[in-house]
Structures are given as C-alpha cells and as structure tokens.
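We just call them A, B, C and D in the order they show up, numbering each chain from 1.
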C-alpha cells in the first residue's frame, strides 16, 4: 500500500461496531451489504445512545420544568448545534430537524415556495434530481403557476454547465441541485452553481443526502442557502433529517407545520411564532433521533471524514474497474476515479431485478430499480439499473464478492 | 382489596420493565414520574425491539430486492396493520405513519383542508383543543377564508353539547375534537359529535393523543373519519405518530408531502401517486419507529388495555381527592371519578412554575405551563397550571409523594 | 427463505428468451395493461373470446421487464385459451406459482402475479364488474 | 444539579410578595415589555433618565408571573437607579444571578434574566441601536 497522508481506515475495527455485518442471509451466506446509498448501517455506539436515552432521560423537551425534561432538552438542543457545525453552519438556529431529506425539501417548498412562487417564476433543477426534489418542485410549480426546468447532463453524466449558465436567469427563483447523485455518482459543482444562482438573485437548495455522509461539507464555502440530508444514510437512525438554512432566510420564512412548540402566543383568534429553529418543528420533535444522530456524527468524526472519503474513493474505483473488466456491463455516470461511492450498472441481457435476486443468493445486497430517479433512467434509456454503493465498513473483498456473484448471474442467463 | 372483574395490574412487575423509574434525580431523590401526558416512558421490550432492528435487519423498505430490505419491509408493513387494528381500523391502508399527532393534523389540514375549504365553510373545534389542532385549523382557515368556531365548555369542563348541536351546521366541513383533554381530563362524547357532524355532512377528526394510550378505542364504533395519536405517549418511541383515516377519504385525498415512496410513475413533466397508505409517506419512512411502536402495542395488549384504564382511573380519583383535601387547590375539569388520567391544578399563591421547581426537588416530575392549550388557560383565567398525569406504572405511593411535595411548597410560600 | 437463483430454472429462462404469444391480436375482445412499480415491469394483454362471450379463444401480450414477469406472462398465455372468464376470475396467486413451477421469493411475487392480475382486471372491466381503470398496478 | 427549593430563599420570597417599585412612572423616558413563554411571565418596565440622557433616575415595573421573574424584576428595579445605560448594557446573566443570591436551576434561568433583557432591549431601542420590537421574549 502506498504511503498516503491520510491514515487508512481500520476497517476491521470499524466492522466490529456493526453487528449486522456479521449476519448471514440466504441460507448461510455472509451478508455483503452494498446498499448504503439507500440506508447505512448503525454502529453499536448509536444504538447504545438510543437505549441510554430511553433508559435514563427520556422526556418531552421545552415543556416540563423537571430534571428529565431539562436533560432531554439540553441533549436535543446540543444535537442541533452539532449537526449545524457538522456541515459548517453557525449554530442551532440554522439547523431544523425534519423526518428525512424529503421533508426538508417539502419544508422549503411549502413554507417558501407555495408562498413566494407564481407565474413567470422558474425553479431550475437538474436531470439527475432525486424524486424528493423533483416531484416536490414539480408539484409546487403546478400549484403556483411557476415553471420547472432541468439542467441536462452530458453523455458522461456530468451537469452541462454551459446549459446551466443559460437556464439560470432573472426569472429563476430557486436552483435545486443534488450534491452527489445517488444514481450516477456525479459530484456536482455546487459552489459554482450557487454563484450562478446568486448572480441572478436566486436561492440554491443543495440536496446533500449522499454528500453529507461521505465527504466534508461546508455550507458557507458552498454558499448554500439550504442544505438537506438524512440521518439514516450517515450511521444514524431512521426518522430524522436535517435542513440547514441561512438564518435570515429561515427567519423571513413563514412556518411550515403548525402546532405546539412552534408557537409563541396562541389565542382563539391568532398565533405568533417561536424563534429558530423551533418555528419549524411542530409538535413533540424527534428527540431520541436527534440524540442518536449527534452520536453518529461523533462516530464519523472519530473515524475522520477525510479517511472515510478516501476509503470510499478507493473502493469505488476498484469496483468500477472490476465491473467493467468484461465488455457486457454498462456503468452510468462519470469515470471510476471521479465519483461518489455509488456504481449503477446493467449487465447485458439481465434485468436489474433478476440480477439483484441472484446476487441476494450470494449474500450480496444491492439495490435494483430506478433509485428514485425515474426520469433520469428514462434519459439513460433504461427502466432500471443495479446499484452497488459503499461506505466506511466495506472492503475490497466485498467488491470481489459482488463481481463473482455477477458472474454467477451471467452463467445462469448465458 | 375488593374483587373486581378486571384483574388489577401487577405494577411492580411492570415497573421492572422501565429502568428509568429506578433513577434518582435532584441529588438522590427517587424519581416520581407524573408527566405521562407529555410523554410516556419506554419499556425494555420496546428499546430492545429498536436495538434488534438496527443490529439485525436495518434496511430501507420497498426498494431493495435483498433479504434485509424484505425483512424490514414486512416488519414495517405489519406495524401498519397492527396499529390500524389497535384502534379498530381495517388494515394498513387506513393507517398512515407520521412524525407525531401534530403532523397527522397537518396532513389532513394540508391534503384536504387547503384544497377543499373556502369562504363560507366552517371548521368547528372545541375550546379545549390542543395547539396541534387549534393553531393548524386556525391557520388553514386564514389561508382559505374559512371560519373557525369553538364549542364552549361548561363550568365543570365538559363540552357544551347544546352549543355543539347549534354550532355544527350545513356550513360545517369538519369537526375537530380532542377525545380526552390533555388539560382538563375531560372524556368527550366523540361518538355523539360524530353523529352530529355526519348529520350535516361534515367530517370528524378525533385527536386521540391522550385517549389511544389509555383506553380501548374503536374508530368504527365512534365512526371517526380521522383519528390521530402519538407513539411517544403510549410506550413507543419519539418520531412517530399515527393517522387513521377512512379508506375512501384517504383515497380521495390529494397527497401531502412529495418525494420517493409516495409516487407510482414520475416523468420530468408529471407524477402519479402510490396506493394507500404509502401515498402519504414521502421519503424513507420511520421504519425503526414503526417496528418499535408495534412492540409497544404488544406490550399494552399483554398488560390489557382495560386493566390499564381501571388502574389509571383509580389513581386519578385518588389524586383528585388528595389534592383537594385542603381548600387551597383549584383542580380544572370534571370530577375525579369522570376523567382521563390528568389532573391540572393551581395552589393558591404559588405560581405553577415555582411549584414544579420545588416538586422537582422532591423527585416529583410534573408539568407546569399551559400544556399547549393557551386559549383554554385564558378561558380558565390562569396563565399556567401544574399538571400531574398517570400511567400504568404509577402507584398510590407516588400520588402521596406528589401531595407531600405540594405541602412542602406550601410551607416555603407560607 | 428460498434461494432466488432457484427461480431461474430452464423453463423460466426459456419462456423469457422465447416468449410465446408475443404480439398483438387483430381484433381483441378486450385489452388491458398493467405495471409493477417495484420492477418497472409492463405488460399488455389482448384477449379474444369465442362467440359464447365466455370462453377465451386466443391471447397475445406485449411487455418489458424482468424474467419472472415476462416468463409468467408467456406461460399464462399458453394456459388461458379454453378457459372461461369465470375460471380466470378464480385463478389465484398459488395457481400462478404452480404454473411457474419454481419457488418465488417474497420480493418477487409481484413480478410473478402481474400477468394474472392484468388479465383478471381486463376481464372484470369487460364484464362491467369493475370500473374502467387505465392500468392495473401491483402495489409498490 | 442544585436544589430548586434553594431558589426560594427569604429574600426572593420577600421581593415576590412585596415587590419594590411596582407601578408606573408618570413620565418615563422609555418603556418596554417582555414575555417569557416558558413560564408565561410578563414584565413591563418604565425608565426615567436624568437630564444627561445617560443615567437612570427612576424605574417602575408591572408584571405577572413566577416568583423568580417577579423577584428578579423587583431587585433589579432597586439596582438600576444611578446606573448609566452603558452600564446596563454590560449587565450579563451572572450579574443577575449574583443579584438574586441563589442558585437558579437551568430550567429557570429564563425567568431570572427576563427583567434584565427587558431593560436592556428597551434601552437599545431608545438609543436607536436596535430595531423597534413590541416585546422582548426569552426563547421558549
């Protein structure tokens, strides 16, 4: 192994924190979990943080004046600070906890989009947007009379930045771009897009669902107005997502959902709203999930985000190379040395779903389908693809297991 | 102890399942947790179900074709069936998982209210609604031009049913009523209100946040169109709520949030929606929380809901009697033998927040404030109240501890 | 849990590679299409009835998708001629799985039964027993 | 964690029961009100400056709420006369807690500091250094 500045991951030690990776599937095969872009596994430290919450200080927040409530409140508020800091935000006031990335998109679409957009306004997306943003802005446009445009992709799966520069105009109110494509693996130049958007007084919403778990993110460097990601894709629990928003934008926005916690004063006639971020968190919030996600951030920071990224890049390139050794595999998106840790592909003559069924028999868990990017698949000219995606606990041996299982499928369908 | 048809709870055995109840607070006092209406504690069985999920079959649902995904999907779908059945619904298609009761209210408000209400339409609430429904329908009314009316309460804290019969008219589109008041403890005649609403072709939304955890609920018997409750108030985790809706209503409704999972087909131009209940669950759902909540239902059913209710009624009446022994305590709401397991009160000359601070020193955790019913508190003529609320693991000794601590507060403020 | 590879027996692969009755009928009594969102499978069946208005004379189908869905359509197209609509209505999941002759993993059941559902829905709509729907879908 | 009952020392209770400087000033230089959502505490302060436009001559307050918030307002009202607005601006949480002379539990800090925040915000608005807001609030 070459000397690198970055100490490599101790993958064996990491795997010991993830008991699920010891599991057997398909009548006795070792699980090879390569579906990380769908959801990541959860280390014992995070599971223990959840159990500790319920066994020691579970309570509603902001509401009681007793000690349990105080402890839960402090932990929940601190989790906001930690997650804000994790992506370079200033503090808790810029960090709203949602249910998932999808809800973060909808929050901005409802609280800002429905109130501010109208005929003549444009929302610029990309052809590789996830349904979370694509369907949301499409429907908001339909309701408001605004128009949605899609920045096209090149043959190699990059964004066509010339087209972007032309499509983003004075009519553009928002640019919504996926930071790392969950299908193509493309790492988009979100900072450049932010500059173009801001030159035209448009906001930029960056969908960081695949980026935040896998590389250092700095919303201030990007100059992102909004940045969203999901806990369950970064070693955290299901049921929590994060919306970073610039403070002055969140302050100016109408609330999203209504109820307790998000209000200041309520009468039978009218209500006023609470301060950030609580204004956007109606009802009893995702307390245990917030505490657990903060623990996941600790785990990631202990391992080191740069090391995680380097490990993933190495695995991804290796997988890309091995999968394309034979001539019958189409891999979608940029070359293996310039992409996030997802590799979507099709093998000639084998439907992706048949492939994944067979892979499952060899213990290899991948995803097959459209990965919530149906229109992109239409653009690629396929109904579905198989997708392998990697995370910090995956190994080269697991890539080999994938390639071997693909071979078995070839034999069956030969 | 008298012979009852219903075997009494084995409270000691139950308490052994809740390690948090062994906790010490306030420098060495035993915790006396009487803030159950805010959030309930979580038994080991539920915590173990969460840990088991993450350690054994954590996966995204509906999306992979691998074994983990299959297991997670089945567990998550079965949880819908279980929760539907828990309140008398038919099956999963009538059961949508949300983040909490508040989101369930907002779901109907957004997907139905914003689309269907207009000037001339009326939404009838009660004076004792929680902010979850009160603020939500107030704001939807403001956006749509509809009007909100409040069924008044009697001096004893019951709904004024004569007024209700007059206020619900042909203009009424929806009646939203809290099943058990989280402040007054009033158990509302939701079946009668449903009849009145239906006589006028209005829908009825029942807020069951305090009822579903504490008594048998049958939405078909009530003839509720919508029924909502929260996992964290019924031994389940934070981050999950339940919306029961009649199938044909949910089918006819527009979607709520947009994104993956809730769609069927997506193009760059348009989208179609998935079947129930997934149409209303956008993005990666609350998988672990669904699994855990199903486990909480198992726990409740093992203990027996009728036994839980009987135990609570006994404790509530005892607490009511003991708190009113002296003449200086105002308890709000109906008599002690006709209410849910909440007792809100004020002690002459002691602000509720001062009271709760002092109680906390004696280990007694209650809530002080407006309990998310600010307008009701205005009606009661107080800014805040103290609230003790009971659940299956509470004991008469804990009620005594409450009363003793109130005495100490009296001494301090004497 | 059964092994997924067991699904890909020779018979299935044969029907997948060489689908029977693929194409269109010139004068179908009714046609109906269906979609399985979980695999993106699409199928459209044409059905021609005998003069009794009851018995299937011929069927043809067009489709795209995974081996399970397409082989199932091909095998079903061989089985349908001679059956009455009532008999079609009585077909259930087990009949389809028997017909396929392999153990279908739970994740793939929807692929297997799509063809049966399309023909049943088409027949019901034709008989006026069901509302017109553009497309049958298996739940995602 | 400190004991909450320790908060209710005689001095606090005395100020709560017999608030000093309660009422209104006939000609306040400025007035400002505040609200603490967590306890529902309300306070309104009137402040009269000396001719130098800098130094506080007199204050009066009206309010409703818990013992901590009301005692804190009463004690602060005794401390303010003679202070300049700059000195008021420099007051921080610790000064208030020192003034109260008890250990305030974290849950009740907002009650304790409401009076200080109201006067500071009022002074800043008066000096034109802050935007006009109707009401100061401690975060819920």
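Throughout what follows, a contact is a pair of C-beta atoms (placed from the backbone, for glycine too) under 8 Å apart; a residue touches a chain by one contact, two chains touch by 3 or more.
Computed from a predicted model, the values in this text were never measured in an experiment.
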Pair joined by the larger number of C-beta contacts - B-C, B-D | B-D
Chain A and chain B, separation of their C-alpha mean positions in angstrom | 31
Rounded Å distance between chain B and chain C, as computed from the means of their C-alpha atoms = 46
Between chain A and chain C, the Cα-mean centres are separated in Å by 38
At least two other chains touched by the same residue of chain B: list those residues.
-> 25-26, 65-67, 69, 265, 353, 357, 360, 368-369
Find every residue in chain C that makes contact with two or more other chains and list them.
-> 1, 38, 105, 107-108
Chains touch one another in the pairs A-B, A-C, A-D, B-C, B-D
Chain A-touching residues of chain C, taken from the complex the two chains share | 1, 3-5, 7-8, 13, 38-40, 64-68, 105, 107-108, 111
Over in the complex, which chain C residues touch chain B? Could you list them?
-> 1, 35, 37-38, 105-108, 137, 139-140
Mind pulling up the chain A residues that touch chain B in the complex?
-> 19-20, 23, 25-26, 31, 33, 35, 38-39, 41-42, 44, 46-47, 50-51, 54-60, 63-69, 99-103, 105-106, 109-110, 127, 130-132, 134-136, 138-139, 148, 150, 230, 232, 237-241, 257-260, 262-263, 265-271, 282-289, 353, 356-357, 359-360, 364-369, 372, 374-375, 378
Which part of chain A faces chain D closely enough to touch in the complex?
-> 62, 65-67, 69-70, 74, 261, 264-265, 274-275, 278
Residues on chain A engaged by chain C in the complex (per definition of touch) = 25-27, 351-354, 357-358, 360-361, 368-370, 383-384, 408, 412-413
